[in-house]
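Take a look at the structures below.
Both complexes below contain chain A, partnered by chain B and then by chain C.
Coming up: the complex of A and B.
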């Protein structure tokens, strides 16, 4: 479900200021679409830091201990192997394998979690259907937000209110996107 | 600037008294301690030289505002040609081959090679500093190209001279012991303390108001990432050198590690594992920590000290004797003189000057605007 209110800008500076203003007004569920990465805007709409690093750490730790467990089980416990008179449980010889499987599991955790956490593989999103959305990959900057109420007249009031509030930031349009969304369904 | 030079000269003088006392008691041991301290200093300066050349060649945008700080470390390289003099005089005290009259390791050829290394590094350091000041006067793309050209050739020159210098000066202390990756190991240690020193200098300049406010969390996060990379690189090389020798178990190879597994050298081995690898590695994984300037600078200072311990560990046990408290003194001399020399030779600009230059130099302005991608 795409957010019902679309606010369109043609300036990266003004969209960032407008986003900060919206946040200060208490709008917390903001989403932004821009032609290029904008770290300042991401901060302004209150994007939370991802949990990914912790998952990667967990993946790495799993790889590390799993590798050691396998080597210890096979060489030092279940089928003792004498290699040139070294101890059965020789850590220096295990470390390359432990290191490699740490990297393997950490990297695959990073890859898969990044996909899952960002909602991929998702081939379609309702926001794609909105008129002019393709311009956000060229020269337009969008903020979308879910209004507190999504029913008819109240939403129209909300939009009128937002138009007045955001006027200093000169948005190109503040519009109700719900009506544009039905085209594909028919 | 004067005050720091005065203070560090005082530290150097204090260390000098220690070196003298140590030399009177046991000249061979004092010589080894001097070589260790020399290695610590010169590896840090060479790490900075390679780092600045890599920044030039790769067109790195974010560190441009930090380059004057980095160039202050590079500017100390000519000093190390002077600090080499005691090693030249004390050759017979410590090098097992010093009585040979011909061959690769004989005093004559050794001096010749050392002269080439020290000459090449000083020339590169001075040439880069000249190109930098040319660029400072007139920030044009042509002036930048000059630095890039010097760097592209310089990286090759330093790669070879650094490797051979570490074979000649440090590895040859150990009679009959050979490790191909020794040069890389010395490089990795020097790089880690060079990046750490750059972080420390940046923190200090920022605190004194010599760098504008816009040098903030993103810049320190980037420096922290480089520090983490250097820690991992050093640990990787240190471990594989150990592992390859441990697994082959040849007497003339493992002797190196046997000598470093007992007594005070054994304590240093443990300190290196925990202090040079484990502690900074775990600490630097944290992103919030890397963005906290003071915390990062403290870790940087720790990493510089660990590079000193690393060289003490490499060089001191070759004579088979214990580490003494007075072994700290040559490290005080070398770092005191280097800091004083660096502070005199080049001055980092003030905050206002940086902002003024940013208005005419778009690359500098971009560096100030750097945000973590």
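Coming up: the complex of A and C.
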């Protein structure tokens, strides 16, 4: 996805309003970059619910069953050891390790999914090449627009049109950023 | 929740911009204070003592410790339980208070999480060394062995291995996930190329798109939810090491909640011990306010009372049990036996000293609060010692009784872990954004929103 148009704000309130306005104008391929999480903005640009919690549930269930399987296999099946006449397959004594293993796999899944579903870890990202992107982790709020036409070409006057439309939200810049990403879009 | 529920964080209310807020907090890391180098050197010297003691122990054997039969656990397990207890406050503050939406936690959570990691690292050393042949530690894992010797999963000691290693990994993931966006800010604010590279690698390529923030937030909340029962489970399992045995003074059903309360008590004390000087030396009064100190002091008071209550129940249950060994241990040997002075030190440090925190002047005075926190540290360490050593040194048969005395190597290990802990903590302050920056900015944004709507 090429993101040729960059719209920059210095206010979290105005970027949210601007994003809602862009959506109502029919721009659907929106992405935003902010220094901190903004659920309002996510709603305004129309993100879907993430499937991450389901993956975490799956991770937890795997941890639970894996722990039981290992304990059962080793202590009750493969090499039975009579300890004071206690049952070989004693579920109550397995609970602590099954719990810990559930937590371990659920937490690792949460951590890895948060990264992998966002395409991380990576050493570089195309958006890093846009001028001034480094301020989006500090105090700038960006919206990037996908190409509005099927050919991926910016319509003539599109930028000018966006500037006029978004003027009430006082963006710092509305610019065509295609040339800034030479090494990526070549 | 209204702004009134938040400590008066001037850094959020004084009209500084997001950039100024970021620069103020990143500046603490980018321009280290002058005392940092000497402090690192001193604690590193102490760390060398630790490694010397470890080397001597491993090369010679644990006969160099004061351990004997019947006092086989002695110093090593005392230190282990003490350190792992300290490691509880970090995740408690981060996860529990996150779920309760206690927003004041934001200034201190990363600090506390770092402390947790380093404390658990110290804790982990002791069981490893206590095994005597630490190079066989992998026998604790169910690896496919031709000898077919599997771990005994019905033993609380095996639970312990799983619980502590899970706790370390999950605490690390929780800490690191929270850290990623701030490392990205560090990468983008650093001037030198090498610094941008290094922080860039550790930031894992974070680009802060709304969608990745959404996933980050949900994962962080889930980790908080998962870590909360984990915190409670770890010390419960550690306490099972004692409670499932038959020794008088150990064989008690109150142990899990009693240990967890003690852990959070000592952990909060350690947070106070570290945060009071750091707040002063780094000029963090605008971020970590008197209200934070006040809140932590109240937590100390509450958990102190839970611990005191546990002591009372323990004694009461021993008396009511009708068991003569239990009665001897709890009612006679601990308070009046050979280690009586330590037992009374525990009462003074853990039950009496925290009562000073009823006074607001003590809660908001950094020096007084710091002194109380040190008393609690000493008290909690002595509590672990009394618990372990008294029960072991005098069990059922007087013919097997034996006194325990630590050696220089024991003392060097305790001193060494304290130094190593501080050394790691200073490295953390030196290189990692130790106040959560993106979370503070989010908080600032939320407060502004509430003011506009309210």
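We adopt the following convention: the second predicted complex is superposed on the first by the 169 of 186 C-alpha atoms of A that agree within 3 Å, B and C clash if a C-alpha of one lies under 4 Å from a C-alpha of the other, contacts with A are read in each partner's own complex, and residues count from 1 in each chain.
Basically, a residue touches a chain if its C-beta (ideal position, glycine included) is under 8 Å from a C-beta of that chain, and two chains touch if they have at least 3 such contacts.
The shown structure was predicted, so the numbers you read here are calculated from the model rather than taken from an experiment.
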Exercise for review: After aligning the two structures on chain A, examine chain B and chain C and state clash or fit.
Suggested key: clash
Exercise for review: Name the contact category of A:37: first (chain B only), second (chain C only), both, or neither.
Suggested key: both
Review point. In the superposed arrangement, does A:93 touch chain B (first), chain C (second), both or neither?
Key: both
Exercise for review: Look at A:167 in the shared chain and tell me whether it touches chain B only, chain C only, both, or neither; answer first, second, both or neither.
Suggested key: neither
Check your understanding: For A:25, is the partner it touches chain B (first), chain C (second), both, or none of the two (neither)?
Key -> neither
Check your understanding: More chain A residues touched by chain B or by chain C?
Key -> C
Exercise for review: Have a look at where A:75 lands relative to chain B and chain C in the superposition and call it first, second, both or neither.
Suggested key: second
Practice item. Looking only at the overlay on chain A, choose which of 150-158, 186-194 or 276-284 in chain B hits chain C. Key: 150-158
**Study point:** Overlapping contact positions on chain A, where the chain C interface meets the chain B interface
**Key:** 37, 39, 53, 86, 93, 96
Revision key, fill the gap. Touching chain A in the complex, chain C uses residues 17-19, 22, 142, 148-154, 156, 158-159, 162-163, 166, 169-170, 173-174, 176-177, 181, 184-185, 187-189, 200-201, 204-220, 222-223, 226-227, 229-230, 233, 237, 240, 438-439, 441-442, 445, 448-449, 452
Practice item. Would you mind writing out the residues of chain B in touch with chain A in their complex? Key: 239, 242-243, 246-247, 249, 285, 287, 371-373
Review point. Residues of chain A touching chain C in their complex?
Key: 12-13, 31-39, 41-42, 45, 47, 50, 52-53, 56, 60, 70-71, 74-75, 78-79, 81, 83, 86, 90, 93-94, 96-97, 99-101, 103-104, 106-108, 110-111, 113-115, 117-125, 127-128, 134-139
**Study point:** chain B-facing residues of chain A, complex
**Key:** 37, 39-40, 49, 53, 57, 84, 86, 92-93, 95-96
